[in-house]
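Just passing along the structure, written as structure tokens.
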Amino acid sequence: MTLDILVPIILTVVGSATPLLFAALGELVVEKSGVLNLGVEGMMIMGAVAAFGVAVSTGSGTLGIVAGAAAGMAMAFVFGVLTLTLAANQVATGLALTIFGLGLSALLGAGFVGIPVAPLAKLAIPGISDLPVIGPLLFAHDALVYLSLAAVVGVAWFLKKSRAGMILRAVGESDISAHSIGYDVIAVRYRAVLFGGAMAGLGGAFLSLSYTPLWNEGMTAGRGWIALALVVFATWRPWRLLAGAYLFGGVTILQLYSQGAGVAIPAQVLSMLPYLATILVLTIIAAGPWKGRLDAPACLGKPFRPST
Amino acid sequence: MSNNVSRRHFLAGSTAAAGALSLGGASAFAADPLKVGFVYVGPVGDFGWTHGHDLGRKAIEKEFGDKVETTFVEKVAEGPDAERVIRQLASSGNKLIFTTSFGFMNPTIKVAKQFPDVKFEHATGFMTAKNVSAYNARFYEGRAVIGTMAGHMTKTGKFGYIASFPIPEVVMGINAFILAARKVRPDAEIKVVWVNSWFDPGKEADATKTLIDQGCDIITQHTDSPAPIQTAGSRGVWCFGQASDMSSFSPEYHATAILDVWDNYYVERTRAVMDGSWETSNVWQGMKEGMVQMSPYNERLPAEVVEAAETVRKGILDGSYLPFAGPIKDQDGKERIAAGEAMDDGALLSMDWYVEGVTA
Amino acid sequence: MSPDPGLLNPAAWKIEPRREIPRSLLYATPLLAVVLTVIAGFFIFLFMGYDPLLSLYHFFISPLLTLYGLSELMVKAGPLIMIGVGLAVGFRANVWNIGAEGQLTLGAITGGVVALAFWNETGWWILPLMCGAGILGGMAYAAIPAFLRTRFNVNEILTSLMLTYVATLFLSTLVYGPLKDPMGFNFPQSRMFSDSGLLPILLEGTRLHLGSGLAIAIAVAGWVLMTYTIVGFQVRVLGQAPAAARYAGFSGKRLVWFCLLLSGGLAGLAGTFEVAGPIGQLIPVISPGYGFTAIIVAFLGRLHPLGIILSGLVMALSYIGGENAQVVVGLPQAVTGVFQGLLLFFLLASDFLVRYRIRRRAIQAAPDGQTQAAEGAS
């Protein structure tokens, strides 16, 4: 009985959390390398328009996904050239990237308004997907949902276990030391920034191909900003990020659900809940036994140029 | 009402001439085209509210050809920017300016004082002035039609309504819908979810899913994106479009849509400026004038549903069907409008209470 | 760090940080950036099928040709400058308040509530009281991230950003509810403030109000604060060398409070100025993103109060020029967004030429590691 209610709610939460998870996970890697890219919203919306445009033009959702990631990367490349090669200020460049992306996407997408696209296919496994509860919860999503979850595992492994991940963290903690022992700081950061762009692009692609398979100007509606906040929420840890994205998505759905159920609290107050809950939970974590561990990469946001 | 904005000394003086000379250099020769300006709150590609007004702009161009020249500024924030944009349009030679969102009302009135020879048309507000008219559409007439259809179509008796902000316009729409539906299905109720945005496809889709999960089997909306249609359609739930025909997003379950058709009004007012007959007016037009229309009914709808819809539509057209005729009880069961009476326009335009059957 | 990194760079060019920044470059590079933007814009507009020269003229020049245009520039730049100056102080000390938009909203609410409380009353004291309330409102709202950061070590990026959304919803609750104009047909807006609650107009026939003038004064005060006071010195040290600051016994916590309260108070005051200036009432959305745009303004002005005046004006021009180009040339809003982005890119990139110089490798390079170390990080 309760499961009948819970399962659809959880499915809605998955949709709401997945774009946030993609974008935030990318940004987490970027920030771990010591770079702060506030242009997530701009990369995301470019991913959304590119994915939609290509999917509509070619009829292939897969090509659309690839295009979304590529568009995010292209935007990230612009960011990289400015902040890494030319050592421009990262915060301002990121914000400028968002302005640029919102404008460019509107320009490119003008011809796609009002056109539907076939949503991404669900990867259903005959028999298993029809099982009660487990079937819809675990075996009836589209490829991007699984990819986002796999990416959490992948990023967690990469940062903690792989050598490249260790170098990336070293670059984020102390660029000068990393440089002096022979690592190419700029190259490492370029790779991280491009990865971040691709992930933001995938988040955008999920929006325009799966979540709401349509294109509209400004359809990211501020999700890039939430993704940025979630990285902080997660204290730069992939698994906590997963929890954060689902918490935020969950509370959002919960408040919509409460409105529909007629809870006697003003709608505006209910709408504040996701934001307040995120602050509250982070405070509880910070005040708990982990106290004092902010874990922000030491070089976050600081420009670096090798003295060659 | 219209005069409580003359608060600053400079507005009293006629400084308009100085402004009119400042930009564009478009002096009005008789042969010059009439310049018509539009201020939009959203992007022209929103597929909703602004899109509708932009179609009206195109209708003017189509009707008058090179006798008019239209300009628009999109995504103008309701706030300090609006006044500058409206003024810029006025000072660059536009002689007729449509400001198409409620939040542009006070800026429009202010600028109008400085440009007495420019005519202004403000949508969905209540203030007028010597050179400012107000216009609005009786969208609630369309809500009555779809409410009737919903009453016939529902099995659960629960409707989901995705709403933006609790302004009278939206409140009125919700009430019109459920009043009509309860004439068919007296126990019907409507669940309203406020997304606190005119446009956020993701959130609108989430709200739709949530409402369907709570047993709503008809979805309608007062937000701008087609996401609710698409989401409801993909779940096999009937839905109604908003502002433009959204059937392409769910050919199977898009029952019909309430269309905002500004074309006639815009053409008429432009003509009035051209022939010098423009006068201040405050109109609230509906189906009779063609400002509110229904998009084609879905072919899969049962014949009796379409028939019921048409009966109501025709009733509205000939005045025999009043969507807000008494008796009307409010949410708490208290009678607000007695039998034999009907709410007047003033009461409707400032409606801030819900009728029986609304969970908001 | 390493005098001889031993890297064989295939490029024949060498990039090195400048030890001293020539003044001429400080002024020349932004100009170069504008020239590059104009060239890029020329081709974009041409490609999009618009008259490029006319578009550029209406983007950059025609808004500056009338007194009214100039006054509007100030009206738009005022809040950007005020907020930017406050934020810059924090950014220098590594305090990341990105929720100025929310603090602005709170300041508009508190200032506005005072105006409405004394509606239809006259008195010279109403306006100062509103400003005081606005400052306190913004400060109180910024105090939440400050408290959470200093007490629980909660990162202020998250808290200040999340509180921005809450502030907008709070304002919405008020204008749809208790502050609604009783004569306003239940539309979401307050009464228009009476004259005593409105900022005086500085220039007849325009919207240039006292607040725009004060914005400049505040920027100058910010410059004095940063250059000549102990607090300014502490902020700079804390930002550049946190370890040294600790060593010198500066209280990091107190500076966090200082930076957040200062930036919050200024954002709040900017909010009051908006409602007491060009808007004249409380409406559901007060700011077209001033709190976020001010972040760009702060960095574009190199975190220097006087630079921020300049960058605030440039930013304001890019918005007003964009509207102008829409009105006169018919450029879509999206094109102006792209163009604005490009302008910012060029401006930010041009900084490179200020801070670094490019030399031929063949020329004997002076080995220096010290400047690099100072540049790289703390």
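So that you can tell them apart, the chains are marked A, B and C in the order they are listed, and the count of residues begins at 1 in each.
Here is the rule we use: contacts are C-beta pairs under 8 Å (C-beta built on N, C-alpha and C of every residue); 3 or more make two chains touch, one makes a residue touch a chain.
This is a predicted model, so every value here is computed, not measured.
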Furthest chain, CA centroid comparison against subunit C: B
Pair of chains joined by more contacts [C-beta pairs], B-C or A-C: A-C
Centroid spacing, where centroids are CA-atom means, of subunit B and subunit C in whole angstrom: 36
Approximate Å spacing (C-alpha centroids) for the pair subunit A, subunit C: 27
Multi-chain contact sites of subunit A, meaning residues that touch two or more partners: 106, 110, 217, 268, 271
Per-residue overlap in subunit B, given as positions that touch at least 2 other chains: 43, 166, 196
Multi-partner residues of subunit C (each touching 2 or more other chains): 169, 172, 176, 332-334
Complex contacts: residues of subunit C adjacent to subunit A: 1-2, 5, 7, 9, 14-17, 91, 148, 152-155, 157-159, 161-163, 165-166, 169-170, 172-173, 176-177, 292-293, 295-296, 298-300, 332-342, 344-345, 348-349, 351-352, 355-356, 368-369, 372-373, 375-378
In the complex, subunit B residues that touch subunit A: 43, 45-47, 51, 160, 166, 191-197, 199-207, 209-214, 216, 225-227, 230-231, 234, 244, 248-249, 359-360
Touching residues on subunit C, where the partner in the complex is subunit B: 62, 65-66, 68-69, 72, 75-76, 169, 172, 176, 183, 185-189, 192-195, 198, 201, 204-207, 274, 277-281, 283-288, 319-320, 323-324, 326-328, 330, 332-334
Interface residues, subunit A side, partner subunit B - complex: 5, 8-9, 11-12, 15-16, 19, 106, 109-110, 113-116, 119, 207, 211-214, 216-219, 221, 223, 252-253, 256-257, 259-262, 267-268, 271
Touch list for subunit B against partner subunit C, complex: 1, 4-5, 7-10, 13, 15, 18-19, 22-24, 37, 43-44, 71-81, 83-85, 87-89, 92, 102-103, 106, 125-126, 165-168, 196, 349-352
